[in-house]
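In the two complexes that follow, chain A is the common piece, with chain B as its partner first and chain C second.
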Partner chain A sequence: MKFSLQQQAADEATLPWLEDAQKLGEQPAADWVKAMRHTGAEAFSRTGLPTPSWEGWQHTHLRPLTQTRFHYKVEPVKFDINALPSSLLKDAARIVLVNGQYKPELSATPEGVIVMSLMDASVQVEGIEEHLVTVGDLATAPFKALNAAYMHDGAVIIVKDGADITQPLEVLFYNAGDADKAPSLQPRCLYWLGKNSGLTVFERHAGVGAYFTNIYTGIFLESASRLKFYKIEEESAAACHFSYTVLQQQKHSSFEGFSYAAGGRLVRQEYQNLLIDSGISCNVSGVYLLKDQQCHDFTVLTDHFEPDGTSVQHFKGVIDDQARSVFQGKIHVRRVAQKTNGNQLNHALLLSEKAEASFKPELEIYADDVKCSHGAASGQLDQDALFYLQSRGIPATEAKSLLIESFLNGALAEVSFAPAREVYEERIREWLGH
Partner chain B sequence: MPIAPETLLDKKYEAGFITDIESDRAPKGLSEEIVRLISAKKNEPEWLLDQRLKAYKHWLDMPEPKWAKVSFPPIDYQDAYYYAAPKTAVAPKSLDEVDPKLLETYKKLGIPLREQEMLAGIAVDAVFDSVSVATTFRQKLADAGVVFCSISEAVQKYPELVKKYLGSVVPYTDNKHACLNAAVFTDGTFVYVPEGVRCPMELSTYFRINEAKTGQFERTLIVAEKGAYVSYLEGCTAPMRDENQLHAAVVELIAMEDAEIKYSTVQNWYPGDENGKGGIYNFVTKRGICKGARAKISWTQVETGSAITWKYPSCILQGDDSVGEFYSVALTNHCQQADTGTKMIHIGKNTKSRIISKGISAGRSNNTYRGLVRISARAENARNFTQCDSLLIGSECGAHTVPYIENKNRGATLEHEASTSKIGEDQLFYCRQRGIGEEEAVALIVNGFCREVLQQMPMEFAVEAQKLVAISLEGAVG
Partner chain C sequence: MTMLKIENLHAEVGGREVLKGINLAVNAGEVHAVMGPNGSGKSTLSYVLAGRPGYEVTKGKVIFLGKDLLSLSPEERAATGLFLAFQYPVEIPGVSTTTFLKTALSAVRKQRGEKELAPVEFLKLQKEKMAQLGMDADMLKRGVNVGFSGGEKKRNEALQMAMLAPKLAILDETDSGLDIDALKVVAGGVNALRDKDRAFLVITHYQRLLDYIKPDIVHVLTHGKIQKTGGPELALELENKGYAEFTGDAA
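And now, the complex of A and B:
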């Protein structure tokens, strides 16, 4: 495979990435996979990494990513099996991906669910191509393009039509940065739920050492299917985590997504929710807890194509030390999408003098019979409430934790699955230091 | 009862007529010579010419701002006149010296100078195309020590003041439209309120684009010294034209310690016809700075006109305890496009800002609120409240909200609320049931929707603004 490296846009940090991609491009694969790698690499070579002058990238600076030389490797990674974190829930099935590579020997699959590696699926599953291709414009999404260029790792999770899976499935992404010096990980995942099926997923991202993980996740919900998607992002403190989730929902399907974000040095979680039919419900909410020099970015686009859709984005963030948070949300209601209900709420709590929060909650509305709103607020802990609690004998630190917990509970209320809420609550308490 | 919106959507632009007065105008196009010519015509000092030329050179390489949600064919800057002045522009001493034809024009627009002079108690610096033709109440203002004159006059009479403040809030490097203005501005208003003076009356300027293909490049500079107060009204209306006309104005406000500036606008430039043909491109850069402690700047605008509105009246809150306010009603109908909002830059401690924006879209128009609230690290205890509501009338229009919020100080409190909805069927029904005509009911509901903003307008304008909202909406029932 050959593509012209237009190196004017690539800098020192990204040039080796393109060379890696070129090497990978020669690996055997289905024709359409090769074509995708080619398109991705070419698109990335044209744009390079986004700069602060790009719309949507003003506040997320990529320095931590360009400071380290990250390399992509095809070879299976050697890692310490005992280092794997234990399961989140006792009764959950778990599949494991180490450095983006699916490990069937460490995985168990619930009945009714098919799990296989991305490369296996690309040749074995009929019609997989249209679900695995990258959706959207690559010229404005360099990370999406980069992931496409490296199409090799990852897994495909398929639920058959009508299968209502009650056993929760944990999908663990374990990234070992110290086993393999500064790896660049580019997995691609697909959750494909057949008609009238249901699944509850805990997607967990954890690891050690320095690594750069850039995940593209396609979620495809056929009509009347239901997915509960609970994400736990607790990457290592030196990690850069970029995830791009494209959610495509068909008629009457429902998506309940919640994201807990506390790990990583530089994290951007981007969602593109495409509500392509009517009567869809889509909830993408979350909490982010940041400290030290962490930078975290949630960018959520919700696009209503057809009538009677409901979308909710409810985020709460706590920012300490010199950490920075970015929230960019956009609800787009197309002309025919009448009777849309769109709500977006983002609150940030700044705990230290150097903490920063930026928001851009956007509405773009072309239909008149809709109810859309957004709210954003930022401030510090209520001093009166703190005083009140202290005057009743609760120590200052405890009072502070109490107030933060109650603040975050507002968003946690979006989680309907009780065990998931417990997992989140436990993590929040841990973060608060008790 | 089914509502037929389109049938009523045809209210014609009332101020559309052309006054036939000979114009003294420079050749078409923009070049260094034109810039020099404008400067020479105005008998300007060397430093101002230098500034103009610097701006012109910078403008040549400057890219046009592309981030706004508006679309229009590229502007041919060479296909416009940059200087046009009515022949009668030899500064008249009283109204009697003014060309009767000009006076007639104002009468048609409903701003008879004499009447205003006598009844309204407003000093009017009426700008016909590019040169001020009449200024009233000058004596009364002079007694109070307030300077209220055209900017060209100010350049001659108060060069130090103009030199000190011109371009200090909006530098020519700010954006392409402001840069063009810095190079070719022909006239505008200068207001200077000395320390401790409360301006005895509302100051007002009516702008009017009259000459075909004359881009109007107004330059307004208002300085309020320590403890001063001034309220300034600006109103616009333009005659019907087929070709697009460019209006790139710059307004700079400077409020010192304890000073307050209130700036109100009613903008009713020609919006183009039902199919989006013609209309004014209103690309305005407005910015105020609260330099001293406890200063206050308040922007109020009612935007109903122009084919395209690109306007972000902003406040830089530098002084501690200073206050910035922005109240806006933006109404678009037919094919109009509006991308408007504000910037509140909090720098000083305890600074407060308040943004109330009401967007109304009808027809096939697009209406965008775009705003920035930035709290810098030292803006301890800063406070912002933002509310932007959009109302959609009809199923072919769009309403968009693009707020940018940046907080670098934990002591700051920011709140932002936005909602989008349509006129409630039940509200309409209620009015109709009580015998209120459909059109009237819509006007009533919309005026209620905008009430918070209209209340901020000075009396004289509030009435006009309400009427304007009703007229612009006539027919847009849906």
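And now, the complex of A and C:
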């Protein structure tokens, strides 16, 4: 009796989230895609969304997500083409996804790069299955499971062995909300870099109105490949954005990831970095700028499997009004991963008394010959520095901006590609209001 | 012309009264020295004039160039022509010295209704003033005062003063932490700015600085009040006798 009551409660909680997934049954798809959807739906129906009693979910509350009913649509989305933001860089190629749906007619691909929709890739690309499969335990990752249940939208980006792509690629996720029927978007993306290839990506998330986007991104870096991955999360103020990035790196590959997070009502960006061979470099860093009632969560796991790896997690955040930030960072060094060099640093600057920052920095080290460090702290603007600047004639607001910019520059220094740094600096200045 | 007029100024820090009725008038072109022992209220006076938060004026008024100084924000005071050379210049990591100078100068010029300097003019001015102070260009790229020696910090204060060209410069214990060579350079920078339209308030514990920056008038400050005012000879007298006469302590 007790069991069935609980079961019923779980059904009520999970049903609305999975209801629309049935629509996908009418679409043609490879058997393994259907199987993945089934596994995802089953896993999600068992857990529902995470609650604050879950490990890793104590500080990020889902109310902004659960108080709205979101609807998944399989039909091509209608949108105003003039509303698309202009390109970030004038010399970059750009591919566009609208509400998670890849739009080849709006996209241009750099030479040497293959881009196709997720569903096309699922039937056309040999060996794609193992790259598109959801990595990790679905029972502890409901958003992964939910995305798997809706496996249909998204894009696959492939760089062939040895191709060093110099032209940057902008991947624009443009999301059009709908006041009557707020959309649920469940895209899945893959970046697959062949041996000794190189690519620079600007992944930008922007939109209007209310929507829920839940992205699963697989990044697969074969040996000696190099990916610079610059994310810009500037979702609409009413949006909920959940992204789960699983990075798998092979020998001597390098990943330089940076994330600018300033949009959305409720955002969680989760990274699972699997350094499965030796001599890998992995940098996942970022800045977050929050105001009003925004809540943003960076959850980053970097897992060193083999020796001679270098990893960095360097985040700086500025939190104003009643906004809240969460940072959960972990560096895991397995027993054989000797000579690992891992650094984690997170600093938050609180600009108002009601702003809040939560940290959970962790090092879990089983190897004995490693260099690892971590540090986390929150603080206020340095009043002495502020007065010093003002005493030189710099107005208080400008002095504050100068101090905030200089604080954020500490993390921006992780970005080696100057045009990316400029994109971020411009946005920071805009956020600061000048 | 009276540039600065302080009348019956009382001020508290953390609820404790530190200034207990200061009266002082400084005319354009004059150099005044305010001398006193530790804890006499010298630094408090300089911070109150510059508008530092936490220094609360409870009584009295300050007129600077015809304006009610105490009603102005720190940046407005700077734009009006007040400059405080800090005893302990603040380190600001991540803000380069040149960005800082440029931002300060354009902010001040804007508030004064002057045209912003063209980048070339700014660089020329910066280079010229740095040469006068024997400063290394390498410093411009470093964070403001970050990793600077005591001497470099004080030269940086003198550089800012030269760039901002204030009407009244308050030098708060500029000699502290300086060896004699650095002291000469910084004093040289100050003396280069002396002019009939500009005044200085030199706050110091020791007579030593006044060998290089010669004052017109010397005030003795103890217990939050000006106890005595005289000519340069008063500084020499203090050097010989100490402050005991004014503090009530036995020498």
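Couple of notes before you dig in:
Assume the second predicted complex is superposed on the first by the 416 of 434 C-alpha atoms of A that agree within 3 Å, B and C clash if a C-alpha of one lies under 4 Å from a C-alpha of the other, contacts with A are read in each partner's own complex, and residues count from 1 in each chain.
Rule of thumb we're sticking to: a residue touches a chain if its C-beta (ideal position, glycine included) is under 8 Å from a C-beta of that chain, and two chains touch if they have at least 3 such contacts.
Just so it is clear, the structure is predicted and the values come from calculations on it, not from any experiment.
In the superposed model, A:395 makes contact with chain C only, not with chain B.
Contact with neither chain B nor chain C is seen for A:182 once the two complexes are overlaid on the shared chain.
Partner contacting the larger number of chain A residues, of chain B and chain C: B. In the superposition on chain A, no contact is made by A:35 with either chain B or chain C. Contact residues on chain C toward chain A in their complex (touch as defined above): 50-53, 73-75, 77-79, 83-84, 86, 89-95, 99-100, 103-105, 107-108, 111, 143, 160, 164. Note for the complex: chain A touches chain B at residues 55, 59, 335, 338, 348, 350-380. Chain contact summary for the complex, chain A toward chain C: residues 382-385, 387-396, 398-399, 402-403, 405-407, 409-410.
Contact residues of chain B toward chain A in the complex are 67, 377, 390, 392-422, 478.
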